[in-house]
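Two complexes, one shared chain (chain A), two partners (chain B, chain C).
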Partner chain A sequence: MSSRRKSRLKRAGKNELAPADIVDGLSKEELLATHLDWQPDRLEALKGLLDAKEPWPEHWHWDWSKKAGLLDFMAYRCIGIECEGRMQGLMMASTLARSSRVGPTGRAVLYVEYIESAPWNLKDLVDEPKFSGVGIALLEAAIELSEEEGFGGRIALHSLPQSEAFYRKYMTDMGPDQSHEGLCYFEMSAEQARLFLEGGK
Partner chain B sequence: MAIETTKRTMTLNLTDAEMQVLETLSSQKDLSKTAVIRQALRLYQLVDHRLASGEKLFFEDEAKRQKELMMI
Partner chain C sequence: MKVMRMSDELFLKRAAEEDGCMISAVGLQPLHAKKAESGQQLGEPIRFAFSTLISYRRRALRMTMEDVAQKAKVELDELLEIEENLSYVPEVRTVHRLADLLKLPIPQLLVLSGNAKAATAELTEAAVRFAARSRAVEKLNPEQSNALNEFVKVLVEQKGKETVKK
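After this line comes the complex of A and B, so read on.
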């Protein structure tokens, strides 16, 4: 069963905050319901890009329904952020500790497998995104999960090229990882996590 | 996996050698002993399921060009 705690999202283009809920420990059913809710908007936006001969975002093929099976295992946890009755972003994390490569090496790190904003919040898909700050809120949730797991707030992920500049602001860029299709590996140390949380609150 | 908030306590009887391994992992990974045991459970559940599904577990050393099948 999932649990909720309070958060906020910024209405894109407006200096206005909307109350939101971090939904921790999403079930398979909740993940599938989100996938079904997002799919029509995603397909419509992609069709628009196709008609306009614009490039598609690099993660256009992500299918959360195919990731739902991971939730049969204790090693995975899915967290969402909900606002105005709809899930505005999703994150799948592995709570099976990876080894840190930054700072003291070999320490337990929480690995973020997937992180995505709802299609109506993506600048690549829509002209006027509805909410901003979804990625920040989910990174905060990842750090909190890392702390809860006893990993000291340390988190890591591989970034798609389109998102590298975002992660570079908060995490250490360890460069392309050939074992992961050449995607850049980013890690946030315990100290970087502390600073991130202080800056976000 | 959906979160389970209720926690249960159990006593774990370990040999000196097993406790030594637990303490070493706890120190190396900067994790509590409970967290190390949780990690072991998660890994065991995942690996056991995949092996039961007919998959195999390998360790690979690219530099030495060695691949070793783990018989579990």
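After this line comes the complex of A and C, so read on.
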């Protein structure tokens, strides 16, 4: 059963916060409901990109409904951020610890299997995105989950090319990983996690 | 209720930096999906199963790390490495001592600890299943106790089946 805790998002284009909820432990049904909610906006944006002869984002072949099967395993947790009645972003993390490749190697890290923002929050897809900070709020939740699991706030993920600049600000870029189709592997150490949450250099 | 550690001011700054950019990340090969492949490629889940097994078994027997270190004559530092460092391969002697104390079969524990290879896929698959069902929380809930009991049952059933030394 999912649980909620307070979070926030930034209204795009304004220096203003909107109250939001981190929804932890989403069920398959909630995941599918979000997928269905996002689909019309995805298709609309896709149509616009096709009309403009623009390439579409590389993660569009993702189907969260296909990822729902992972939730049969206790080790997978799906976390969403909800604002104004709609899910604004989704993340699935594996608590099946992997070894860190940064700093003291071999320490357990929380691996983020998937992360995505709702289509209406992406400026590549819509002229006026609704909310910003979905990635920040979900990374914050991932760090908290890592701490809760005893992984010291360490997290890791493989970024799609168009998202690398975002992760490079806060995580160590370990470069292309040939075992993951050449996607860049990023890792956040315990110290980077602390700096991410508390600021400072 | 958890308190958000990032201040609103810092959140606004970071959210402005994000500025509606793509944040997509994708793990292409969930670890449990690899179970059909050879055991050699399952190193991390198997090693994770070993750490988790030692930790769960210790807690099921209501022992602290200090208790185990003292009774098994293992350094506390080494026990910490065993439970937390997935790249640490303990000495065979240490594995024997832990197996004795925690009443776990030695050959299977040698496989899980990285000191021997499994002769059959059954053990590696059970280890991956156990790892995927496990989460590192302080107190075992009934579901975790069941996962532990099922895995220990597989280990005991494997007793007598050969393992191959590395």
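One rule holds for everything that comes next: the second predicted complex is superposed on the first by the 199 of 201 C-alpha atoms of A that agree within 3 Å, B and C clash if a C-alpha of one lies under 4 Å from a C-alpha of the other, contacts with A are read in each partner's own complex, and residues count from 1 in each chain.
Keep this in mind: a residue touches a chain if its C-beta (ideal position, glycine included) is under 8 Å from a C-beta of that chain, and two chains touch if they have at least 3 such contacts.
Owing to the predicted nature of the structure, the values given are computational and were not obtained by experimental measurement.
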| item | value |
| --- | --- |
| Chain C versus chain B on the shared chain A, clash or fit after superposition | clash |
| Touching partner for A:108 - first (chain B), second (chain C), both, neither | both |
| Partner chain(s) touched by A:134 [first = chain B, second = chain C, both, neither] | second |
| Contacts of A:2 with chain B and chain C, given as first, second, both or neither | first |
| Which superposed partner A:165 touches (first chain B, second chain C, both, neither) | second |
| Partner chain(s) touched by A:95 [first = chain B, second = chain C, both, neither] | both |
| Touched partner set for A:150, first chain B, second chain C, both or neither | both |
| A:75 touches, of chain B and chain C: first, second, both or neither? | both |
| Chain B versus chain C, judged by how many residues of chain A each one touches | C |
| On chain A, the residue positions that both chain B and chain C contact, one per complex | 73-76, 95-97, 99, 106-108, 149-151 |
| In the complex, chain C residues that touch chain A | 1-2, 4-8, 10-12, 14-32, 44-45, 48, 51, 84-88, 131-137, 143, 147 |
| Touching residues on chain A, where the partner in the complex is chain B | 1-3, 24-27, 71-77, 95-97, 99, 104, 106-108, 149-152 |
| Footprint of chain A on chain B - complex, ascending | 1-3, 5, 28-32, 34-35, 38-39, 41-43, 45-46, 49 |
| In the complex with chain C, residue positions of chain A that touch it | 5-10, 12, 15, 17, 57-59, 62, 70, 73-76, 89, 94-99, 105-108, 111-117, 121-124, 129, 132-138, 140, 144, 148-151, 157-160, 162-163, 165-167, 169, 179-181, 183, 186, 196-199 |
